[in-house]
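Take a look at these structures.
You will see two complexes here that share chain A, one where it goes with chain B and one where it goes with chain C.
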Partner chain A sequence: MIRIERRLVQPRWLGVAVPVGSIVFAFAAMTLVLLATHHPPLHTFGRLLSAGFGSRDSLDATFISATPLLFTGLCAAVAFRMGLFNIGGEGQLYAGAILGAGVALMASGASTIVQIPLMIVAGAAGGAAFALIPGILRAFLKTNEIIVSLMLNYVGALVLNYLIFDSLSYWRDTSTPDAKVFPQGKLLPDAATWPVTHIAGFALPFGLLLAVVIAGAVWVLYTRTRFGFEVQVIGDSPRAASYAGMRTRRKMLAVMALSGGIAGVGGASQDGDFRHLLDARGLSQAGYGYAGIVIAALARYNPFAVVLVAVLLGGLQNAGYTLQSVDFPSGLVGVMQGLILFSALGGELLIRYRLRLPRRGARETTAGAAA
Partner chain B sequence: MNNAILVVVLASAVTYGTPLLFAALGELITERAGVLNLGVEGMMLVGAVMGFWAVQRIPGSGPLVLIAGVGVAALAGGLMALIHAFLVVTLRANQIVSGLALTIFAGAGGLSSYLGNDLNLANAPAVHQFNAFLPQGWRDAPVVGPILFDQTALVYVSWVCVALVGLYLGRTRLGLNVRAVGESPAAADAMGINVTAYRYAHTIVGGAFAGIGGATFSLAITPQWVDGLTQGAGWIAIALVIFAFWRPGLCLVGAYFFGAFSGLPFTLQARGVTVTPELFQALPYVMTIVVLVLVSAAGARRRLGAPAALGTPYVREER
Partner chain C sequence: MPAVSLRGITKRFPGVVANDGVDFEAAEGEVHALLGENGAGKSTLSNILTGLYRPDEGEIRLYGEPVSFTSPRDALDAGVCMVHQHFRLVAPFTVAENVMLGDHRGEGGKFLVHPRNVERRVAELGERYRIAVDPRARIWQLSIGEQQRVEILKALYREARILILDEPTAVLTPQEAESLFETLRAMAAEGRTVIFISHKLHEVTAVANRVTVLRGGRTVATTDIAEATPQSLASLMVGREVDVSRRQPRAGEIGEPVLELEDVCAAGDRGGDALHGITLDVRAGEIIGIAGVAGNGQRELAETLTGMRVATRGEIRVHGKVLRGGDPREAIRAGVAHVPEDRLRTGVAPSLSIASNVVLKSYRGGAVGRGPLLRLGRVRELAAELIQRYDVKAAGPHVPARQLSGGNLQKVVLGREFSSTPSVLVAASPTRGLDVSAIETVHRYLRDGASAGMGILLISEDLDEILALADRVAVMYEGRVVGVLDATSATVEELGLLMAGVTPEVPV
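What follows is the complex of A and B.
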């Protein structure tokens, strides 16, 4: 039998070797899936890579796909690091998109310099408020935040649907007879369009830059401040934290609000950067929130790694959209993401534990366990 | 009389509640052994697509093929659950992340879409499907006819399953062991129960039930394959387990209750009553949150039956 023992020291090289090994393993598993279904693996991978990362245009499209994932990835990473399983990034993003689009429509006369901060603040407020529902229930009633935030995703999606498809809400375009038959959101004013920055020939959406800045801020908060230190202690050992006199409840609320707020800004970025209206169907079909959890887990809750992984998975998604056609198997991207996540989860074990194969005949020594 | 709105609503509650019931029973078994599997939606979809595939491709007489289809669906769901079991039991991975990964892997946009596409299943009517089979006289009986007798075999199978799961967990030695594993794996281990084996077995069986729940959609309710066919039923099933306080009998009541809400907007609209469908659709989720809040009030959690070790890996050396 193989024995699994906890590592006392985690060698640094493992932090790189295991993620790389996980991705290699995922590709190997994917190869098997493709072979089993009679698709040429190398050709398929080649097409995926070139459609996702092969040219300047495809990288621009990848950045667009990566932007929302960055927000939801950070949303999950911030909360998970404290052991708060906020899986409501999806719903919190909707809430941010609703409020973000709402203020943009209301402030229709304002200039871009006013619009952008307004939308960011409104989006953050919407996401934070939506995240505080499970946050408050967890902090004061010890209600399981996983299920509550999960259920709220569906409530959020239904609110979104209601606003555009089943009511004459403020967000819905009712100006033409056509718009009454084919419901869609009101177009946001031009001033609410977020700018695109051109760096080294790449077109970077404003939301992407904003998310990278937020990632930096989260890193500073978690590694350089007392607040961040306490949050991590609570995450690692709630009991130790309470013996040390840390105020768990307050931090819980703060972290949930921060987590939801980040997802909410992601929603506002969807309005301002890309969709320019409250796109109920598009948002609820994209599944950004769930993908964000995957990204946070793959990045092992490190904000900078979240940026990297989000671009990687964004590229995969973008490639999936671009290639979707008769000869390219649909659903492949989801399978691929799942496999990468499974192998990363499995790889996590190798970081925390070591596998020992007892040699036949050899007596078990305690030296290995003590090392 | 059989057109009375209450009868129609109750009949559709049973129809739409059945896939929820299968999936929730499965999740209940899994959770009773201390494993939380959030991949129900994914397992249901893979069950739905594979069950449909089997029925389209296996030659033979209708009833036998349908039984085979349900078997294939159960197998497919169980296989998906095996991935989760391996990750969380053997590799001690985070159960929440692993379950969500399973849904991403298997669900809409993942393996189920891939298989549906690759096996060319879309846009084809089912070769065989589950129909109501009891004598016409019974089905026309006032009130009880449409609700209880105008149903497919899967409905009656689900009742048997509820009874069997209830007996198994409550009245057998094995069931007692399962509960011990879910409540206190360390104590169970000390009693000589193989915690790993129990968790594997019940996670896989739970997945098989989810697979059958998915097949209920593709073989009975909407007998065809459409991408993302289950439309979030898997998440409602997870909610349902909490709603039912982890008890099989209450699962049945809850499933029909939630099933009524998914059918109600259509029924009302067919009668010219304008309703906001989102309001009804949101009710199961909101009610689950309310129940969860009540359950989590101090001390009530244990009494109401949440397995104490739910969601935590068991590592013998670290107990």
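What follows is the complex of A and C.
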């Protein structure tokens, strides 16, 4: 029988080997799926790779897919680092998209220089406020933030749909008879379009650059500041933190607000970078928030790794859209993502625990030396 | 034919030989003490005997039969049971549920659970060995001493023939320990073998028939208890002559009160008052010992003093200044240092580095910070200084705190607490689970702290420790201070009676 035991020491190399191993395992499992569905595996992987990363155009499309994932990945990583399981990136992104589009519509006369910061601040505020609901409930009433934030995702989606489909809200386009039959959001003013930067021939959305800057800022915040030190201690042992006189409740609220705020900026980036209206259906079908959780887990909550993983998964998603056809059902990419999540979470187990096979003379726990 | 016979047991871990050809033998019907410092190989040896580790070399025989355990279950099947120092109990479950948990003989039901039978049997066993516990009580409702009884009941329920107890008296009063010894003797009298791991010498001489001393992973001696004295065992164990808890004179004068408590009350975790009107003062340069059976309010007292628990009534003053209470940061700023009882989870953040733990409280100060930023280089320097000054055995400041041994961890905690030059130190069981040399070190630091003018509140369940260090002893019983005695004249018997709630002077 295989036994599972807790690791006392977590070697550094495991932090790299396990995620890589997880992805390899996911590809291996995917190979079986492809064989079973009569797709030539190597050929299919080749097509995925070239459609996601093979050309300049496909990389541009990959960056577009990766941008929201970066925000939601950072959102999850920021909270998970303190042991707060904010599953509500999805809803917080909606909240940011709603407020971001709202201010853009309201400030319709303003220039781009004014519009962009306004949208970012409004998006961050919306996401932060939405994340503070589970945060406050957790800090003061000790409710489970996983459940509350998860349920709020549905609330967010319903509000989003209500604004566009079930009401004549400020966000809904009611200018033409056509728009009354096929409901959609009001087009944002041109000044609210976020710029695209061209670097080395690549078209990089403003949101992507913003997210990379946020990733850097999060890294500095968490590894170089007093605030980050407190977050580390609270994440490791809340009791030690309160023993040391840290204000754990305040930190909890701050981290939830930061986490939600990042997702909210991701929502504003959807408005400004890509959709240019409050796209209720598009946003609620994309599932960015949930993908962000996978990314944070694969990145082991490291903000820079989040950037890398988000681009990889963004490429995969982009390839899925591009290849979608009769011989390449859209479900395949979904299966692939599911397998990656599954093996990432399984791999997490291997970092914290070790498997022991009952081989004769097998080397036993290396960590029991403190006898 | 011995019940347990280990021959030439060797167990290596990377960089360490934990057991180096250990020989050990225990007969049927005896209480056999296994004595040694931390790191001497006691735990490894008991882990080998309970199937947790496999020896690299050597032979295990039970009742003459060679055995080879591949898992703890094999050892259980062979009748070897262990009571760990840190109990393996599920807090929300009842006593009976814990007893049948993991008992695969299925008497409590193979699939559906029938706790009634188990409850009956547990009650019976409890009565027979005089370790009765309500089988329907939930573990979290029990005191530490009662939880230990549950562990022993678990072993008895599984009909263990060989019972290993790892430092079982660390959490008990002298009287409780004495009653545990009676239970152990009764079990031995039935032909069971009791292996008693300890480093408390007087207990070993009190309960054991024979004793085996380990040092540095080797067997140093096995002797009849009649031929041993605490002094001779101590030198065998440490490999040199030691003073076994004798009062040492201390420099420095006792000054003004630095900590005053007036009528302090506080609520317990399970509702109800844990502290009832505590009035006490600690003066500069003085060590006050708080004696008492675990669970009589000592933990709550320490937590209230250090702001981790809110006082519901009364006043706490440090240097005459009243604390608002309920705020650890306020207590830290007022100069109250705290060595908590649970050093691994409260005293440090276990996964973080020694360096991070050294600045666990001082990270707010200017010495390691610049604006909102932390000066990580400075943090490492401070940690390296502390490691050197307090002789912490660690590869460097980056090592996670949980990889340190108990003694080294406590040095880090003490070093950190002393570094803020506090005026009051609340030390809760600062030597629990440490070996003799680490205890000596901790005692030296406490004495030095008092000599330097700190007022120290030493909470300990070890009366010898209190009598060796304290100037005055306050005894706690059911949340009250039932007596304050001069430590130079107090006797263990006097204190033991007070700890049991018997106050002869006061007519009831």
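Descriptive notes on the structure:
Keep in mind that, in the parts below, the second predicted complex is superposed on the first by the 342 of 371 C-alpha atoms of A that agree within 3 Å, B and C clash if a C-alpha of one lies under 4 Å from a C-alpha of the other, contacts with A are read in each partner's own complex, and residues count from 1 in each chain.
By definition in this document, contacts are C-beta pairs under 8 Å (C-beta built on N, C-alpha and C of every residue); 3 or more make two chains touch, one makes a residue touch a chain.
Just so it is clear, the structure is predicted and the values come from calculations on it, not from any experiment.
In the superposition on chain A, A:277 contacts neither chain B nor chain C. In the overlay built on the shared chain, the residue A:166 is in contact with chain B alone; chain C does not reach it.
Of the two partner chains, chain C is the only one that A:227 touches; chain B does not reach it.
Residue contacts after overlaying the shared chain place A:95 against neither chain B nor chain C. When the two complexes are superposed, the chain touching more residues of chain A, out of chain B and chain C, is B.
Contacts of A:295 after superposition: neither chain B nor chain C is touched.
When the two complexes are overlaid on their common chain A, residue A:241 makes contact with chain C while staying clear of chain B. For chain C in complex with chain A, the touching residues are 11, 13-16, 18-19, 39, 41-45, 47, 53-54, 70-71, 306-308, 327-332, 338, 340, 342, 345-352, 356, 359-361, 363-364, 369, 372-374, 376, 402-403, 405. The touching residues of chain B, counted against chain A in their complex, run 38, 83, 87, 91-94, 96-98, 100-118, 232, 235, 238-239, 242, 276-278, 281-282, 285-286, 288-289, 292-293, 296-298, 317-318.
Residues of chain A touching chain B in their complex: 5-6, 33, 37, 85, 87, 137, 141-144, 146-148, 150-152, 154-155, 158-159, 161-162, 166-167, 287, 290-291, 293-294, 297, 329-335, 337-339, 341-342, 345-346, 348-349, 353.
If you check the complex, the residues on chain A that touch chain C are 3, 8-9, 224-230, 232-233, 236-237, 239-247, 358, 364-366, 368-371.
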